[in-house]
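The two complexes that follow have chain A in common; it is paired with chain B in the first and with chain C in the second.
What follows is the complex of A and B.
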């Protein structure tokens, strides 16, 4: 009866379960909220997912290496504001230059985290708790209580969130959404196909073994923080384009949202496992719930956070219990095969 | 190994003492009234709820866990009190109900951590969002005031000499936790589990029970701190104590408590609390705004771990090549 369970990879099971929950949630809200299945709703949620997805992918890279990046919210605010400032001063810059500048700025901030964590050997939670405050402080001091407004931004930036790459029926795939999905695809291919990217898992699942296998763990961890910063920088640019009016509080709280999305998406908080598909589903699930609750007449919008907290608990608890169950099955089979005299070939665990 | 550890701890607290002395000296030079009892009490008063929670957090982190939900529990306690009061429950009855709510919230965290076996980082992150959400359900976007005078007085008037109630709570809690952590069998278990939960389990320590007790206590202390905060500002809003967890954890880690558990003392945390309070007060005297203060504390947090690491590896490179780290 449990035979099929053994043959399925835990990550596949996890992703299937997440997709199922997501479908149920959408069906549920569809039955509760009038005009739920509309193009407008799709566009609203997809553009909102785009920003947090970029941050969550970077966060996942860091978490897979058994670290955490709590400074991403401050990096988003920092880049959104500074790139906005840059565009106000030089409106004629080529869009690609602007995007590159945003990513470079984010990468620089991420590199600071990476150097201190990887080479200074300071725990990531301490470093990024510190830079969460420091980056925000620098921004507040720099901004001098000014804010960036839509009126001062070049036209192409303001129009970017409405720009549509292609449409499927009524559903528009916005450029910003395409960018986020493109990044997700690239990182997915890298994590599953590239030897260099597999090192993230090696370092995260067993740093000592990785070091003995000749992997430069410091460089791997540094790179993860660098990429997390760069993606947060890119998210900062998308944030700027979507909201236009940027104050010093931009991106506040994104660190928790991204960690929540990553954890719901099945990335192990202790490193070593996690998939981009899971992160995409986790981010979408969290955001769909967030966006739908504000429109659900039955409960007030003040229920949002309480339900989100419970969702995270249940998602991770289900994961923990499932892993424990699979572990027990595997051990039972191992014992059975030992007694039958057919030693199993060691298989990689998910 | 043991000797090296002791040496490092001693050196750590000496370093904190030096930082504290420098801060106080600079502050006194800037403002002559800085060292008066009035100003020192005042400086404690402004962050008293955070430092009360920081004491309990020390035990949680030494145990190798973390409680990110404390600030949200403070907010929930405050909002629950305000809500009950608005529903017509007398303040004297609402206080024990809210304290029980703190115990319940802590037990809720403990359930997922010890029974289900989830990491405390994830559980308390979820409840950082969850408890805050419950607080918002209770008061939505209202502000609640008009508590009885005797309740507000608890937060504002001195009750023993120049000392207000919250400061007495802090002092009593410090002494109690000092005995529990450094003088009792329970405290030894907290350290043993923090060093290695596996070793503790095989040594016959009831690991889940110790952990659960700490989280229940943490919820209770946070609820108490939330009530003290409510009495001090005599008003409740949904964002009470928002973001306090960062300040609280910073104080504990700056005090030399290892984020990986098993290391650190309450004395170190007391010194770091004094440093943070004096530093903030001094910066305020020098007209440095609240935000820049937070940045400076953040920098101090990173440096407090980075500098000893750098010194250590520099020492290893020049004196003991090839010696094992950790």
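What follows is the complex of A and C.
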């Protein structure tokens, strides 16, 4: 009965399980919430997922190297506000310049994390907890209690969230969603195919071995933080376009959401493994639950964070239990093969 | 004589005020296996680190094929064709075998071609004469297989000098044989192999020449034909040391202390049964992975048995936790000093007193520091722990002395059953002899002793009886009078059916 379990890669098992849970969750809320299976609901959730997905992908890159980036929420708020400010002052900037500026700003903030973690050798959790507070405080000081409002933004930004790339039946795929999925595809290809990107896994898997193998671990970790910052910057721009009205609390709590998405998506919190497919599923699951709970009359909105936290714990626990179970299976099979005498005998070199 | 691939001349290196190396010279020839021996602290590790670019020498020159070079870092060493494999394999558990092998290659292009990578990896593994699925993740490999991956990584880089730093310390006998075969294959391909080991029999079996270091100085370099084991040991320790003399007959025993029947832990080991008497030394022998250690862990309650019976002094005992085991007077001296044995950052005295703190409680229930120090001092003298103060951090001691601290810690609990797991692994010849003397002395005082050991000469020297395990099954028990290394090995490797014992 358990024979097939052994032949399946743990990562495949995880992705399948995630997809299954996601389907069950959607079915459940569909039965609880009126007008759940509508194009409007799909848009609401997909554009929300797009923002978190960008952050979660960056977070995954960092977590794979055995680090964590808690400052992403503050970076999102920071870039959303500053890019909004820039657009108010110079409404005629080319959209690509604006996007580049958002990513550059995010990258700069990520670089600060990267330098201190990789070269200063301070634990990432401490560094990014610090910058989480620092970036937010700088933003509060800078904003001087002003808000960015939709009225002051150029037309193309305000209309961007409604812009549709193509439609499948009733369902519109928004440009912002396409951007996020595009980034996911690029990072997926890089992580599986790009030689330099494989070093992220190497460093997270065994830092000492990485050093001995001649891998510049500091540069790899720095790059991960840089990219995480840049993607948070991009998410900041999408956030600005989606909401239009930006105050200093923009992106608050996104670090929890992104860590939840990454961990639920099967990225090992101790580094070394994780896939973009998992992160996409993890993000979708986390955000579907989050968005559906706001619509569900039965649950107060204060419970949403607690549920997010519980989801992280369940994901980690399920992962640990599954690995232990697979381990036991492997050992049992080993013993069985021994008594059956089918284990291959090592060949001696001649 | 051919020109040396690598020649070190007059190398010196100091750390703070201690000279680790002074005027050390070493020449490695293409196609030779060159053994490097010396006690712990002789400077072998420092020498390796200089050759691999981890440290820079304070003085001296390094020449590669006649040209003077500077080895600035590990990458530079790799470029020059110098690679090292270590006792603890340095693999990436999450990556597959193929990627592990080619992780250091810079010339494979921007993109991964997984099919080509797997094929190339298969070829490298085949070159070593080993069978291994290159698509498996390294986390599932045995220690020996991980080492094979490391060697494949080194030779894939077109290595000219391969340094093997105690590669066999954690391997079982047939894995050692395989590793030696690999070393000979590399030698045949013209690689210079520098082989560091504590096991002298390996030196004589494998090496063409042998260099001895002592106290950071070069003592001798000789062709293997010109040295004897005794002379080598004399060079290493600077004095003559007795060999391990195999025990001829079992020592006298007292009452039966332990009776184990049908002991098993699901999926780990099964069918273990033996008796153990006061003053008797029972050795668990077997290859790595034969689950010897797991029996020790079960008896000490760390990973309790799932079925079978344990009787202590004729009474059935349930050992579900280390606390319960200690309550029964059982102590376990772990193989893994770092993980299970010692708190490296704490002083010697605190490590020794840890399991016995209750007896040190003074006024107001606080620990009596003076009594703690006295306790540590007592053991320092009795076990000859070499340190200027028991307040020193354990992490700063040599392996042999750390082992003694761990032993002291458990002796203080006055156990009647002591389980030693690889008591002399990774410690030098002199310290080994001392540890053996301590174990024999304890047995003479009536402590029942179990020694888990991969080192056959050690087993032959210590045991009154030998229990042989193979892949989680008890294969047989020898009385020392009937035991031969060959007999034990054939049971452990399964060449002979269990019924023969």
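Just so we're on the same page, the second predicted complex is superposed on the first by the 322 of 350 C-alpha atoms of A that agree within 3 Å, B and C clash if a C-alpha of one lies under 4 Å from a C-alpha of the other, contacts with A are read in each partner's own complex, and residues count from 1 in each chain.
Throughout what follows, contacts are C-beta pairs under 8 Å (C-beta built on N, C-alpha and C of every residue); 3 or more make two chains touch, one makes a residue touch a chain.
All values reported here derive from a predicted model rather than from experimental measurement.
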Touching partner for A:208 - first (chain B), second (chain C), both, neither: second
A:313 touches, of chain B and chain C: first, second, both or neither? first
Between chain B and chain C, more extensive residue contact with chain A: B
First, second, both or neither for A:174, with chain B first and chain C second: neither
Contacts of A:198 with chain B and chain C, given as first, second, both or neither: second
Touched partner set for A:302, first chain B, second chain C, both or neither: first
Those residues of chain A which chain B touches in one complex and chain C touches in the other: none
Chain A residues within the chain B interface of the complex: 68, 116, 120-123, 125-127, 129-134, 136-138, 140-141, 256, 259-260, 263, 269-270, 300, 302-310, 312-313, 316-317, 320-321, 324
In the complex with chain A, residue positions of chain C that touch it: 74-75, 78, 84, 90-95, 99, 103-104, 108-112, 128-131, 140, 153, 174, 177-178, 181-182, 184-185, 267-268, 270, 471-472
Of chain B, residues touching chain A in the complex: 112, 116-119, 121-123, 125-134, 136-137, 140-141, 246, 249-250, 253, 259-260, 291-292, 294-299, 301-302, 305-306, 309-310, 313
Chain A to chain C touching residues, read off their complex: 192-196, 198, 201-202, 204-206, 208-215, 268, 272-273, 328, 330-332, 335, 338, 344, 346-350
